[in-house]
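Next come two complexes built around chain A: one with chain B, the other with chain C.
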Partner chain A sequence: MKNFTYYRPLSLEAAVALLDNRWGTTELLAGGTDLLDLQKEYIAQPDKVVSLTFIQDPVFTRIEVPQILPGTKPTVSIGAAVKIADIAEHAELKNLFPALTDAAAQVGGPQIRNMGTLGGNLCQRNRCWYFRDEHVLCLLKGGRRCFASDGENRYHAIFTKGHPCVIVHPSTLAPALIALGASVEVVGPSGKRTIELNKFFQAPTKPDQREHVLAPNEIVVRVLIPVEGLRNASYEVRHKQSYDWPLAQAAVAFRLSGGKATNVRIVLGHVAPIPHVATEAQKVVEGQTITRELAEQAGEAATVGAAPLSQNAYKVHLVKVAVKRALLLASGAQPDWAI
Partner chain B sequence: MSETHPPPGKPGISRRQFLTGTGLGAAATTLLQTSEARTQASKVQAPKTVGFGPNAVACELVVNGARISVQIEPRVTLLDCLRHYMDITGPKRVCDRGTCGACTVLLDGRPIYACTMLALEAQGKKIETPESLYQDGQLHRVPAAFAQYDAQQCGFCTPGFVMAMKGCFDRNPNATPDEVEQCLAGNICRCGTYQQMRDALRSLCKKGG
Partner chain C sequence: MAEIKWPEKRRLIGTKVPRLDGPDKATGRARYSQDINRPGMLHALILRSPYAHCRIKSLDLSQAQKAPGVRAIVTVGQVNYTAGRKEGKPGWEFPVSVTDVGRELFYHGDEILAIAADTEEHARDALRLVKIEYEQLPFIVKEETALQKRLGPSTVPGKDASNVLAGGSRTEGDPDGAKKAAEVLVKGTYGVPVITHCCLETHGLVAEWESPKSLTIWCTTQAVPGTAGQLQGFLAGHGITCSVRCITHHMGGGYGSKFGPDIQGQLAAVLALVAKAPVKLFLDRDEEHLAAGNRPSATATVTIGGSRNGTISVFEAASYGTPGVGRAAGVNIGILPYVYEVRNVRISTDIVRLNHGAARAMRAPAHPQNCFITECAVDDFANAAGLDPMEVRLKNLPQNDPAAVTKIPTSFPALRNTIYTDEIRIAAELSQWKKKWHPPGKGPTKGPWKHGIGMALHTWGGAGRADNDVFVTISSDGSVLVQCSTQDLGTGERTVLAIVVAEALGLDPKDLTVVIGESQIGRSTGSGGSTTAPGTAPAALVAAINARDELFRKVAPKLGLKPDDLVLEPNKITDKASGKTFTWRQFCARLGVDTVRGQGNWIPGLSNLGVGGVQVAEVWVDTETGVVRLDKIVAVQDCGMVINKLACESQVAGGVIMGINLAMFEEMIVDEQTGRMVNPDFEFYKLGGMLDMPEIIVHMHDMPERGVIGIGEPPTISTAAAIGNAICNALGVRVPRTPFSPDRVLAALHARK
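Up next is the complex of A and B:
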């Protein structure tokens, strides 16, 4: 790891003041579960590391669930410094947003969840093995091409059209949060702004881009989730029960009134460079009663536009399964598969 | 200009630093009555933060109840700080990438990977390593059960498993075998001693941890 100067600001403003307006020279450090790996591999070589660990601002460090009264439009606030384990174990969040808490409970293993934060989870870098290899100069590191597109690509994207780099976005919390209609509050040199989470991610294609749209001197302060009484669930198809990222994930949310699903949102994880909104699948479910057959049709529709690579056509099937099962879970059906 | 980091070697954050650091500038002004604090409050400007390093800085950690001070570069991980600078070699370095669990220690009671945290980030927190499980000639019941049920071969993963299991029982003395196994999901044993570990943890669950 290249050595650096370590800063320990005690407020968000002090942290912002330490950041540069270009990527690479300065890195924010939260739980470190991603950044330290990147530094050890010399993918990140910051001169300054700005720790967020000692900032005590409650907006940044706490989960706030307001009283939920009929007729009001409450918003849940989760600070960016909140540990993933604390999201997974939060009783009220489990009740309101099982899509989020189930996804959180499956991230990595217990130690990763005890260390990793919500902000770090949303801002983590992709896990493509070419990108993570110090010796490979891929598109994202200033090289001329993406080596995964015709190389070892079994864990890469299947929604590849228009993407010169075929990474998958690594966050499992992001699809759940997008389905729930969340937004992020960020702070930068000119103050705070709010970004809808479905506009927060971008597919990077060059070294001065990250997997999100933040400026290099902006910090995620918190995530805001509207309480809209939506049924919601997330289903992950995993190779192993712990440690690894899922192979495919579907997060769904919808309003159930009179037995019909409306305001349907279906978001796929780990199949595209950004969390992938499955619009065709949403259309299939909108206004309908969720049955096994309908959930299956939605699964089919979710794969519209998929263009898998040489080694990952299997993910097309996993998407169908994930969408079907997430819809059934959210509708309250008894799972007929082992969980 | 004010220093907003705890001075090296002094873990934790002083009241004054906390107040200036968290935007409670006004409170700080009345409490401290320093011109410096007043300027900060009126300008509502972030105080300037002083950095540590890149050369070695003093770092005091609280490990198994003892305060230990060493000089380390900021890039030194908690694991390397414990092993190479403090000679606390219970936590093992296997993958050094947060994927095997051999380096597991308890940080304020929670299992974490020491290889994936900077030592400076652990300042002011309570660190427990496997060394804490043998005191006054007495072996803690978790490693004792590992010995009784022969739950190790090469033993490299064992300190990590033991700490993860201890952390689990500390949080929930009535944990069921399934719950304990969940707590061990961040640890890998390459020799495959899982069945013996199951036997060990079942014996502990019966005894209520």
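Up next is the complex of A and C:
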């Protein structure tokens, strides 16, 4: 990797002050499970690496679950520096947000979960094999075309309309968090701001864009999840059972009252450059009782707008199954697919 | 000398003996070649072609040479340049304008040069300062494209530009007539992609010149003396006469890809010579995938036919496969149809050359491909005939050869029907085949999951070889040293030698010191073809018996006894004449300052060749997602006389795991736009983890009367075919190509609808 200067600030403010206001020259280092790979492959070549691991601010490093009293609108706060393993194993989070903890428990393997952080997970770069190959000058590296569009694209996006770069967003925590209505608190040179997570991601098309909307000198401080008593679940289809990425994921959340689902959110992972909100599927479920038939209809509706590439039409089918299974899981149905 | 035979009563041979180096490996004490660090050692890295096909137009090393820490740069053109011998100069004393400019590179990863620097980081930085202008040339990286064009861009030096070479053909009997007469006739296409060896220890070495006449390498190789010899030959080709010693005490897998120093060995030796310092050069994972060998792909369109009662009368296969820029075919027409006896046969194969790394031997070369092609077709035939495929297998097994039965009753031809029939019966029992097999697609279901079970057979040689010297030295303290230059690839070879010598000397294997993996010890052959145990175990027995006899000859007179009256039993030597006994130590103590040394080489009669093998896979397939879960694999394997049952079972389990990866996960993916492999890693070049592994039940079918036969290769052969058949049994449709990923399973399911 290219030589760099290593910084260990002790506060978020000090870290912000070390960051440049353009992409590429400075990078934040959390667990390093993504950044170090990017550096070794010369995809990231920062001059400065700013470590976040010496910042002790509890807001940044802890999980806070407030007392949940009737009539209140409590919010769970998960610091950006929290390890994925700690999310996966957190008893209260498991109870409130199984969509999140199930997704966390399936990330990579134990090593990745023990090093990888929530902030790093949301800000990680895409896994497109053309993007990750230094010698391929793709759109995101200043080239003129996306090689996956006409090339090896079995793992790429199926919701491709309007996207010159057909990566999929790699985070499996993000769809769950979006379904749960989460937002992120970030800090920059002019202080803190909060962004709804469903507005946090963007489809990049050029070198000076990331997969999210943060400014180069902003840092994710924590993720806030409202406790709204939503039924929620995430379902992933995976080729390998460990150390692999899902082929498709569906995260769902809804309020169940009088047997009917309302406030329905259905978010798909690994099918689009950003976590993909399946609006048509949400409409199918809104106000309805969740049955197997309805879940299947929702699965069908979730594929509206899909425009698969040469090698990934199979993902359209997987989306249907993932949505169906996630809805049934969240509704409390006995999963007949578990063996 | 009396004829040497394996002992009738065996105390150790055939039992489960933990490997001697197990604790060393588990604790990290075992030093692999990659663990070797020498004083003043430099680190070298290789610069490789970024393109699938190009020519070096210019090469400027000036900046790299000036970079911090750089001590030597040597190009591939220079190490290949032997024309300079006429001028009395080695190739690397010529400028790159002579040796490298104009050189053609034929694949992504083709070697260009190597740089040695004080640290790995400096070497990597320096690689990036090499300035090369390339002329990009047309390339082909997909078999389908090559088959269409046939005469494409070249993949090898010289004028031969054809991408499709005839790999041979064979016709026996009257296939057309048999097809017409067949009551059941099915046609199918089956294929496996190019996969790579994935040795956990990547290729490479540490090279150190003790003097201009003497080079030592610590090299990860499966041919210790062979590698030393090849390197010596290479240096001689440049006018350098020297001795080369190769040390390989522990090794992290070779699987057929590590038979010589390779280009990295040549580069490291020359860098060390030029820089006058030891050099370490090991490949990274991506280089391993790109340039350190692979298993050729194979695709075949098979027509198989026969009678309704399951007798196969005709087998036709039109096939092709790619060895990349290599020449070896993935399909061996000599052994198709695989295992079974079919009278009417028509086989042909094309070798499709592509601009990617060259194939090398890989654990049972050509066999998994041939097995997959044959065994999938056999199941499809059985399914079409409405028969249990196990019965069809039994029906079409080759008969025991009557001539062999009378002449050489322990030979494979004399026993093949018996071996397969026994092994199928055992596998059927262990897998509950009779209970669990069902017509395709008609099995038990659990929600969207469907159950399937499948079987496949395989065969292999595994003969012993001469030119394997074993030395057994007994000292007066009773200690025993066993030496052989052979290598332990992770197979347990070190322990094999200990078991055999301990058996012959009445000792405990743990009490012996076994030194292997040093070329100067003597002759040994490369670990290829599953020949190591059958080549060295007989030699070890001979050496041990010679050492024992020598011990008796030397000590008996000192005790006033006759050597012929002495009997060796576990830890005890008895004089038949007087009934007097000595412990091993007491007896050896009489050697005084003397030692005895017994030498042995391979002799015929103690080893054999030819094995069978049967595997059964049980799977569940999620018909909604296409996800396959492996439930259980039963592997029944013979290898003549089992020496170490524990190690044999491990070998079989390891072979099965490798076969599972071929079936489920592995695939080299090369991009047609860039000519670059897109998955030279372990992220998208997938290998199963713990959670992906089924229960693996291994049964060793011990046949001590046959002598020792190799076990390394056979158990990996039929796993993929058995899994393919199990999936077909679950779904009622054939998934024609591996890896059996969800997209392929779904495609097969949807194609039926």
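Everything below uses one rule, namely that the second predicted complex is superposed on the first by the 338 of 339 C-alpha atoms of A that agree within 3 Å, B and C clash if a C-alpha of one lies under 4 Å from a C-alpha of the other, contacts with A are read in each partner's own complex, and residues count from 1 in each chain.
Going forward, contacts are C-beta pairs under 8 Å (C-beta built on N, C-alpha and C of every residue); 3 or more make two chains touch, one makes a residue touch a chain.
Every value quoted in this text rests on a predicted model; they were computed, and no experiment measured them.
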Contacts of A:L18 with chain B and chain C, given as first, second, both or neither: first
Contacts of A:E152 with chain B and chain C, given as first, second, both or neither: second
First (chain B), second (chain C), both or neither touched by A:Q39: first
Touching partner for A:G109 - first (chain B), second (chain C), both, neither: both
A:T61 touches, of chain B and chain C: first, second, both or neither? neither
First (chain B), second (chain C), both or neither touched by A:N198: neither
Of chain B and chain C, the chain that contacts the larger number of chain A residues: B
Partner chain in contact with A:V321 - chain B first, chain C second, else both or neither: second
Touched partner set for A:L29, first chain B, second chain C, both or neither: first
Contacts of A:Q249 with chain B and chain C, given as first, second, both or neither: neither
Where chain A meets both chain C and chain B, residue numbers: 109, 241-243
Touch list for chain C against partner chain A, complex: 50, 446-449, 620, 622, 624-627, 629, 665, 669, 671-674, 676, 678-679, 683-684, 686, 688-692, 741-743, 746-747, 750
Chain B-facing residues of chain A, complex: 1-11, 13-18, 29, 31-33, 36-37, 39-40, 48-49, 51, 53-57, 85, 108-112, 114-115, 241-243
Contact footprint of chain C on chain A as seen in their complex: 109, 127, 129-130, 133, 135-136, 147, 150-152, 154-155, 237-244, 247, 311-312, 314, 317-318, 321, 335-339
Contacting residues of chain B [partner chain A, same complex]: 4-6, 13, 17-18, 20-23, 45-54, 57, 73-75, 77, 96-99, 101, 104, 107, 110-113, 115-118, 120-121, 164, 182-183, 185-188
